[in-house]
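Next come two complexes, and both contain chain A; in the first it sits with chain B, in the second with chain C.
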Partner chain A sequence: MGKYIVKKLLIAVVTLFLVILILFLFMELMPGSPFNDPKLTDEQRMLLEKSYGLDQPVMVRFFIYLRNILKGDFGVSYHLSINTPVTVMIRSRLPLSMKIGFLAMLFGSAVGLCIGFLAAFHRGKAVDVISMIITVIGISVPSYIFAIALSYFVGFKWRWLPLLYDFRLPARSIVMPVLALSVFVMAVIARFTRDEAIAVLQSDYVLFAKCQGTSKATLLFRYVIRNSLMPVITVMALLLVGLLTGSLVTEQIFSIPGIGFLLSSAITSNDYNVVIALSFIYAAIFVTVRLLLDILYGIVDPRVRVSGNDPV
Partner chain B sequence: MDQELAVQAVHRNPSIAFPEDGFKEEDFQFVKREEGLETDHTYSGESFFRAAVHRFFARKANIFGLVLLCLLVLMSIIGPHISGYSYDEQDLEREGLAPRIPGILSGAETLSGTRGDIEVNRYEELGLDDVYYFFGTDSLGRDLFSRCFQGLRVSLLIALAAGLIDLVIGMNYGMISGFFGGRTDMLMQQFVDVASSIPSLVIVTLLMLILEPGIGAIIIALMLTGWMEMSIVARAQVLKLKEQEFVLAARTLGAGQFFILFREILPNIVGTLITQIMVTIPNAIFLETFLSFVGLGLPIGSCSLGRLISDGFDNCLLHPYQLVPCMLLLILLMIACNLIADGLKEAFDPGNRNAV
Partner chain C sequence: MVDTAEVLLDIRDLDISFASPGETIHAIRGVNLTLRRGETVALVGESGSGKSVTMKAVMGILPANATVNSGSITCSIELEEKKREIDLLKADDAFIRRFVRGKKIAMVFQDPMTSLNPTMTIGNQLIAAIRSHERCSRKQAFSKALNLLREVGITEPERRMSQYPHEFSGGMRQRIVIAIALSCDPEILICDEPTTALDVTIQERILELIVSLQRKRSLSVIYITHDLGVVAKVADYVNVMYAGRIIETGTVIDVFYDPRHPYTWGLLSAIPDVESDEELYSIPGTPPVLSKEPEGDAFAPRNPYALEIDLKAEAPLFKISNTHSAATWLLDKRAPKVERPESLQKRIDKMKREAAEYVR
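Coming up: the complex of A and B.
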């Protein structure tokens, strides 16, 4: 077990290092500079670059950068809010994005589990067909389309909730983004739960429990639901990616001051440090969740840690 | 009983059953029995593919998805030519016209403002009596009907590219890694392990910044990130098959490594690979619309579903009709692809409990 965890940890560290390297190289290759105002003279531009340390050789800058990242320093913003440390900008925005993502995950999983179990218990009946249609739509339709539809009808036509993020009404403002993001989570979880529950319901041990005369409630809660829940954890990594991409567009649609909106505005204004820092944070979240999942799986399923393969 | 005796006699003296001068035609007699003469449907020797096709067409949802996809492909070919307006022809006089279809939609639209709603028909204001824009026009007076189907064409092109990338890179990478095993496999898998840990969103975002925005950039982004899932699927399949007897037989007969891999194993895993392609395609289509929406995809002048949705979103509070058709097309395309993918998964792998 120890060897397995060390191996996975090592892979995670190597991955993060590579991410930093790739991010840095990408930024080197990027066209334009943060100081491409045509009114600047060459001397002024050189002075600016010197003051930000941009005149050093690439390798030197990379190692300085790496050292700073390890200290939690991502440099300062060049453009969006000049000379504010990126860490400060992110720290003020990250909690909101995390909150929305977490709530979307929670709400989507809860609804998805209910739909999935309902469909599995009424397999082939109307409930199953309806849930199937809901999941196909939920998986097919991108979350930002739900976001647009919600903002048009609920926010604009009926005026039930604020159309854009409102600092005075933070709780009401995040209802629509959470709903829009949770649809995909719900659909994927519902589908997975249904398949797993059907497989469990058809298994021999459930038949045996039935033959023993186990009451229906015990059967459902102790056998079916408990055993079908474990594999659902695997999909969480997939869903996290969906939430990361989804947050970018959803935050743009609802003007939410979170990291997704910050990233898209940093991209359009060539604010290197912000883009690198946010990409790193996205990657770090992703890698951490994968690591946790791998370790969790190693604990739950001994076959995984023996063979060292990823759970499929 | 006498049949058993005859068998024993043959065993003792094979020359009874196998005359030395061989069988002649008159040795045999055609037994024609009308009763009981029927095709055995229960145990008919159906080939794997035929069985898969049967299973696929046995479900209405799959047929619906297939028909929908065919219709969309057809419309992407002829759609831009139906209305008679080209997709990029601008006419600033005719900007913001609502949809008008003979006998169905009059071209009137309701504009919502802070002081209530007003109904306008810009066709009548402009004196355009015999002019029909089926989906209306956008803010530059371009025909949305042609634009939507032109955009659909771009999305399908990206879908095609994604499928090819899956086949060329993902399939070969996974198959070679799985088949040769050992150190090759370990190195190739470590690479995929690390590469797939980097969120593709990050790679794609940065790539779009470096490259000139356009279809080419999106396809390069797909080349970097889109094939990994396919390679994992292909590797798992090869690992499952390479220890089987038919591979051993081929090897005993002296078949080369690549012959075994591509002529013996590949035909047996083609079903799973096709399914995986259909899983990749909606992701690729989504990627384009997503990138265009964030402003990283196709440049503003061009025309794709993502671009149209992004443009339509800018005007959606005033003219929601500019957003509806392109969004519907995207939804229909995604639903069709997902339905087909689910159907294929079930058809090629009926025992798989994760199939729907």
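Coming up: the complex of A and C.
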């Protein structure tokens, strides 16, 4: 198990290094600079770029950047909030995005798992058909549609909850974004759980256990649920990455001061350091979740633990 | 020869159909089968002939789209110290779970690679099986599980208890499956192609294991198989199934030495023989799809000996002796006399000679 974890950890580090490199090179390819103001003369722009060290060759900048990252310095903002360290900007916004994402995940998967198992146990019956219609809608309709619908009815017409994010009412303000984001999670997990549970229910080992007169409770918890959960965990983790890092559009709709909102503004204004730092955080969260997932898989599925092979 | 051992399981006129989109498949069309204490009955036939469905009906694990149209499956079950004849088709699921599955009748499936829960240790699976019918502590169940593993020939059972199914070979897994099946001391063991998924050397050992366990525990065994070699080795009675019916039934001696149904002739001729130079025989055509009732006899289109009546009506079961019957019009008084194919007769004579030598 130890060797398995070390191997996964090394892969994670290499992945993150490559991510930074590629991000850096891609930013270089992007047209324009952070100082695109038409009022600036060429000399003024050169001077600005020189003061931030942007006149250096790209590889030199890359290694300076890499060295700074290791010290926890992601540079300063050029445009959005001039000369504020990027870490400060992110630190004040990330927790809110993560909180909303985490709650959406929790709510979405709890409901999704229930619907999925219920549908699987009543396969072909009305419960199954209705829940599958709901999941098709949940998967195919983008979450911002739900966000707009919610904010129109609940926020604007009925005035139950604040229409936009309100600093005085933080708890009530995140109810709608959480609900809007959880619909997709709920639908994907319900669908996946149903298919997995049906496959497990038809498996030989469930049939054999049934032929041994195994009680319904044992059959349900130790055979069906446990074995169907494995692949569902993967999907959950990958969905979680998308949610923790905030949703660009949903944050815009409810004007939530999270990192999704920050990223979209940073991209439009060429604020390099913010874009790279945020993209790096996205990648870091993704890699960390994958790593945790691999370790979790090793714990849940004994076949992975012994062989040290990739579980997925 | 009249068999007087106690009847444990009696299937009468079983008739089952499956609903699939747009059609109904009449899979079982009147099956009769009797299992007596200590005896071994084989159910032989091609895939789709209805062998497994019949046994699933016994275990009460028919898929949801199956309907039992008629028939009965009687099993004598001890309830409050009194033996009672129970029709398993009429009993409710909770009753079957408590008194039949695993307790009275256990079933071993074809593929040991998929019969065990991949996320539970062997020990826990055995213990769960034991405790599904017995009120005992984990400790007692644990030591019983150890004994079961020893009984099926697993070495170092203490270490093996905490291992997962993927750490065992196919043959070992089938031994473990058998140990689990026997965990609540059932009287009847149904083996659905127990050796088909294993390689040949292991097949032999698993068969020997089942035979020795059968003797030791005086089990009654039903084999579902298409391997006549297995049947010859282990069975007392043979039932040949075709298109949802039993078309020939008798003792092993009856069916192997004096087969009467042309389908049985075909099956016997199709056994590979290393000493023969002749081309291996295969029965022409494919079994009928039972989405509509066969016109005439179900085997007629593949039967080189089909009579005119075969195309019009299904043959009833003709009695040949007290133990032997076959459903073919060739046994009717009015039928022309048809001999078995010569090559088959040679085979039968050879089998008889070999058996005689073996006894000597």
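Methods note: the second predicted complex is superposed on the first by the 260 of 312 C-alpha atoms of A that agree within 3 Å, B and C clash if a C-alpha of one lies under 4 Å from a C-alpha of the other, contacts with A are read in each partner's own complex, and residues count from 1 in each chain.
Heads up, the rule we're going with is that a residue touches a chain if its C-beta (ideal position, glycine included) is under 8 Å from a C-beta of that chain, and two chains touch if they have at least 3 such contacts.
Just so you know, these numbers come straight off a predicted model, no measurement behind them.
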Which of chain B and chain C A:S269 touches, first, second, both or neither: neither
More chain A residues in contact [chain B versus chain C]: B
First (chain B), second (chain C), both or neither touched by A:T218: second
Which of chain B and chain C A:K210 touches, first, second, both or neither: second
Chain B versus chain C as contact partner of A:N227, first or second or both or neither: second
Touching partner for A:M132 - first (chain B), second (chain C), both, neither: first
First (chain B), second (chain C), both or neither touched by A:L18: first
In the complex with chain A, residue positions of chain B that touch it: 61, 112, 190, 193-194, 197-203, 205-207, 209-210, 236, 282, 286, 289-290, 293-296, 309, 313, 316-317, 320, 323, 327, 330-331, 334-335, 337-339, 342, 353-356
In the complex with chain B, residue positions of chain A that touch it: 11-12, 14-15, 18-19, 22-23, 26-27, 29-31, 132, 136-137, 139-142, 144-145, 148, 152, 156-157, 191-192, 194-196, 198-199, 241, 244-245, 248-249, 252-253, 263-264, 267-268, 275, 279, 282-283, 286-287, 290, 310, 312
Chain A residues within the chain C interface of the complex: 123-124, 203-205, 207-215, 218, 222-223, 226-227, 230, 300-303, 306
Residues of chain C that touch chain A when the two form their complex: 59, 61, 64, 97-98, 100-103, 106-107, 109, 111, 114-120, 124-125, 128-129, 132-133, 164, 166-167, 177, 180-181, 183-184
